[in-house]
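Should a chain be cited, it is by its letter among A, B, C, D, E, F and G, assigned in written order, with residues numbered from 1 in that chain.
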């Protein structure tokens, strides 16, 4: 028994909203060091935006749209996060030592570069992918 | 590593190569190679006789685990030398016998000889070790190898049962003995027997003395099949006969005797020691001889006879220990020790030969049932002759060696009435009476053994196979032992100086060895004294009893062959199985609810107890911050939502309420200034709600729980208790912490987040920098969970796909 | 295509706003991120976008806000009156609007304005099923929707 | 600072992640696994030597001063445990190659394997209480999936209970952490130890200690908190059971020993007596389960419960010898029980069942297997001169000298019942009439036995060469009994 | 706050002793909530502003427990997700969510 | 005394709270799910929007332009109708009863025969 | 004064939240509960808005936005689930 559903409103709103959420999630990720947010929250938000797409459309369409195997993103994220830790060893410091500095470039102004951000990228990937994998796998079971 | 160490280890080393010998040199019976070991060792032990007889002892020490005080010290004195010679000498004979007994075509010789060699080494280890722990190591190895030898025909249920029974009982004793040794260590600070003997006085007066000797004697009594632990020995007769002859009559069962004698210098003189050993031995003597009469199985009869004879030796050791009470080498006491040592040797000789002849009978006729046997004297004259010598010696017929030791036994127990210690004036009369009675029974079963087997008409049709005399090779070993019986019977003083005196000196260590009492001179004739009359009585009454057998053989007690204590053991085992099943199933119900009930109850009990014990409940009301109205409402909402959860009947409703709870908690995080937490909580709650729906779409609605009201209430009460305790401890812990002005670690983060870590969101800085490991690990957990979900959902295997 | 470029710019601006610094750098970063986002989700856009009619939009917004306020006053009246003074019902409304976007906006407006709420579409998407709590005059409801919103939306998308 | 300490954690974690990419290739996975496990083993050995020669090694992760960052601390105790996990890990790996179904390998068996090792090693090395919780969770999530990996009906049913009970315990771990933070204001174990010492372990601190004991006792499967263990260990493949018994319950015991030597060591007459009581009950109840059961793996699983009792008994007695004995027992038990679980796999491979009543006569058809099993079983039962004997012996002697007669008596009775139940397996499965078919009798087990034999050899060697082990372990026990060494080493970093 | 913590532990404990799989999962979730709130409470509530340094405040609430809770939340999320999956698979295989029927035989 | 901006904020806040309360009261009082949706979408939405405007104003007064808050407003407007529609549609398709005094149900008729959900109160008038 | 007004706002919102909880617990249909959850989320936004004013921090601006997003996502997911028993279609069109 299947309803033929006209999801006009839903689809159209999602088209706008999903983009905003995705952007917002990336913002959350970068904001993390100074404002609420960070790799973790950003990752989950990203997962939510993709999730919204799954909710609106169907699995096949999203899989076509995003031909990514999320499963591989999990170890990738972990490798980045664990790998960043080795930077400390390169500088003869303990594992997981983070470095940062403020740089001033003409035209751009002062900005901060921190290895912690790279670490956070790993977190972000791992979390986003994990959340998606969990949901999509369970949803995909017949 | 000295020769003594090698002597112990060689059998083990040889055992390792046996499988290869068996595998690659099939034409030669493996036994011939094995025979080398005991023979060579026997020859090497012989030269010790002279120096030991001169009072020398040898101690060789190799450190094994010195940190724990465990040294592989080999010690040889008269007593251990006697055993070493028995083990190797009889060992050689038994191996020789086994070569003919076990057919290399049909039998798995590997197992047999590996275990036999293991046993031999272990037994040498027991008697040559000075360190009690090393002794214990070998002690247990004898139990294990004995078990394996009994189970040699492991496809038979009887073999398995016999093996397990012997293992259970002897290891029970072994473990007790280990505890006893540990207690000795607690008392003396050493594991060396000789060093302990040096501090003997302190041991006897120690409050732990009684438990110690009880534990150690448990080891000795179980091993030496003393009443009521003797029940394993008859069942052990399922072993191949060479094993019975070797382990279960000549050597292993005497390990308990060895141990008691070995510890006599340490414990001797104490009334507890005296009574337990002498009394236990006496009881065993009586019980064993009585039971032996009832046996219908040749080996069963011999087994009970062994029980009885070992009881006798044990009893003698107990009586002899009195010498140490007086610190006096008076012959009044030492004769008991003399009798013990002498009889120990004699028993090994005649019982070994009897077992072997019984084995021959079994081997040649296919049966050991006394009721089926008879008249074999004509077809198996050699076997019959050897049996006659052995049985006569056992019955105490002069001039055989059994007679001599039995005489000394009578002498010792009649002397006991004169001790004047430990209430012996009154109770002492029991000894000669019981001893004499038991000797009568002994005489009777010796008659049964010999006459029922060999006398009477021979009816070949009663046997499954054609009966003829055993091959000569099989007869050599029993014949040699029979010869020993005769020679020692005629020239007993061959042993006096070489074996008996040094052994007595070892057992009564500390007493002046040059004393008159240590000069052993065994004579056949010492006048018409009480002992002689007792012997005559034994023969007379025994003959009468045997002749009257037709009368009493119909008694039901005669026809019941099972030992009354066997059912006790059996029901013990069944009870153990049933009881453990009951106890296990009461807890391991398979119900998660039960498990959690136990766990919560335990949590409650233990925390409440600690709370009360340490009077730990403190509430510092000053530190409870003021609460706004809206917070009260929020708390109320959260509490209501949570409390509603158990009452919800629709699963989606539960999921929705779960969402409420999550959202409210996020609100609390906001209220308590934790934006990151609020964000995380919201995100996770949403994902969880979706997950719940995905997963539980298929599930049925909650059913009305049909629980008993009491059940429901106990659950509610437990839950309430858990909640309450968590809260109470929390309040107390918080108030306690507020009462101490430890500077919180967090100040450091507040001061340094921006400057040292370059971030302004402290929570995030803590996460990615101060405690980055936590963070990467938490993502690891999440990642593993995700991979796990994939594996869980997609991988579907059946039981038995792999192992 | 135009919509996508627009969206991209919107994202870039959005980015700057989030950063709180309206610098060109932030715009470029935002644009690059937006590029990624749009590229990432491009599959969901299969429509083209028409030029805006700013004025029409403002007019639409004004009508919308007015209706929203009325709706809330209406709600206050209903909720606070001691007797429940509602006569609900579901009616079908055939709209003249053509494109999906128009209908989307219409249905949103219907939901947020007095007494009506879009519940479903017909398969062709041209008939809206509307739940109303003032069903005393069905035609009035329909006319209201037609006059107020349909026209305003058509103005915008004309 | 010594970056070596991170390797036993980070190597398996990274390799575990890496192996996900190669999930479809059996060969690559196996190849990388062996190389990695070997590397971890070498690191462990190296670290052990380092610690032995230079004392406690500490690394403050992120270069933050103590007690603000997370330290990893390698003392003798930790390095022994690391070494143990590496040894068990590498031995089991070879068995896994020979028995694990290719489908399991495709679904991340090896990644989970390495994540488990990472979690376990982290548990041993961390010097931060909350980080300990996190490592526990890493270990547990890996264990959850390994226990249910394959999703057979039995596995699902029992692992749900396993999971529920462990999550329950984990929540109380967080509770314990909260209490600790409320009372001491820090998370660093050494720092907590210092502050508890300053406070004198009074009042509510003891309740906190008991809460933590409750948590760890649940993870370590002490009575009456062990219910999750027996059945969940019988469901998964033999190699997983072996790995679990070798590593998983040990983390609970490890945590108990760590916390009750470094932090809560001032009210021994109370806390350690409770530990002793629990130890006695655990031994007894566990072994009764083993006596009652007739399933090869069940018997082994119940023994595992029972033997947990011995390990904490040593802590309860709290003398150098007893602690050395307890840790020796942990090591011995890991080795011997892992081996036995693998043997159960072999038996299952031959007979197709784990019900010992349906087995018989294995001694006739597979003598080498039988005798190897027998030796291992005897070691478990504490028969000298194998390792199990020394484990038992070194608990009995200090137990008696400290006057804990009852628990010593219980431990001896339990030893007897252990032997009884191991002989039950031996007599039903190996003795008796052959019950498996002629074709089953021909099943070759040589490869499997080669994979198990390191366990057997180790348990023999640990007995015969007990001296170097004990002289080392006694040093370790002295180190443990003087928490100031640990505290100072960490806080000075 | 302690009341909320107590109630969540109470409800959580009650629910995990229920018969249905879903109840157990929800119960575990409640316990998790309780433990997180407890951690927050134990750090002392309301001692300052949110731990963000670029704001003008000078007194902040304790950031460490917040970080710990965050970690704990994430972990319990992972575990809960997995628990849900197991419960789901268990139901699929056994066609029951009744733990009473998932006891197994006493001889295992 | 209150400054001007504080008065403005207070108005926003009070009005917003009041409307939200109206929304919740509506959810409580109105007779069926469909009518309740009206309250939820109209009042609650406007209430929240007003309140966030108040908050926005507050921070504007502090010199902070919080785009997040503005975005929230947009978001609420965008999503409220969608949620309302999906919820009510799903309720209707699953046979959730309309209030007894409901006049028409033209939606029911549009359903294909086999999908028509059963409703207990069939007395709903059908034109 | 200003603070008092904010407190009044909070109390009004608390009541509002309570009403949502009441509806969620009462039902009677699942959809009622979902509606309750949806407006609960909306009310929370308002609530946090006031707290932001009271605590004088914009630290929760992100929270407010996320809450707006999530209330929507979860309501939609729930409703979709209730409608057809699936949350994510495999292939719907």
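Operating definition for what follows: a contact is a pair of C-beta atoms (placed from the backbone, for glycine too) under 8 Å apart; a residue touches a chain by one contact, two chains touch by 3 or more.
Keep in mind the model is a prediction, meaning the values are calculated, not measured.
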item	value
Other chains in touch with both subunit C and subunit F	A
Subunit G reached from subunit A - shortest hop count over touching chains	1
Most central chain, judged by mean C-alpha position against the global CA mean	D
Comparison of B-G and A-E (more C-beta pairs in contact)	B-G
Chain located farthest away, centre of subunit D as origin (C-alpha)	C
Remotest chain, subunit G as reference, centres from CA atoms	B
Centre-to-centre distance between subunit F and subunit E (centres being mean Cα positions), rounded to whole Å	31
Approximate Å spacing (C-alpha centroids) for the pair subunit E, subunit G	21
Whole-Å separation of chain centres (CA-atom averages), subunit C against subunit D	63
Cα-centroid distance, subunit B relative to subunit E, in whole angstrom	49
Contacts with two or more other chains, residues of subunit E listed in rising order	12, 16, 21, 24, 34, 36, 38, 41-42, 49-50, 52-54, 64, 68, 70-71, 74-75, 78-79, 81-82, 84-89, 102, 104, 108
Per-residue overlap in subunit D, given as positions that touch at least 2 other chains	13, 17, 20, 61-62, 111, 130, 134, 137, 141, 144-145, 148, 151, 153-154, 160, 164, 168, 172, 175, 178-179, 182, 187, 231, 293
Junction residues of subunit F - those touching two or more other chains	23, 25, 37, 45, 68, 71, 75, 78-82, 85-86, 88-89, 93
Inter-chain touch pairs (all)	A-B, A-C, A-D, A-E, A-F, A-G, B-D, B-E, B-G, C-F, D-E, E-G, F-G
Of subunit F, residues touching subunit A in the complex	71, 75, 78-79, 81-82, 85-86, 93, 114-115
In the complex, subunit E residues that touch subunit B	1-26, 29-30, 33-34, 36-38, 40-42, 44-46, 48-54, 60-64, 66-71, 73-75, 77-82, 84-89, 91-92, 97-100, 102-106, 108
Residue ranges of subunit F touching subunit C (in the complex, touch as defined)	19, 22-23, 25-26, 29-32, 34-35, 37-39, 41-43, 45-46, 65, 67-68, 71, 77-78, 80-82, 84-85, 88-89, 92, 98-99, 101-108, 110
In the complex, subunit A residues that touch subunit G	2-3, 5, 10, 17, 21, 24, 28, 31, 35-37, 45, 48, 51-52, 54-55, 57-61, 135-136, 139-140
Complex interface listing, subunit G residues touching subunit E	55, 57, 59-60
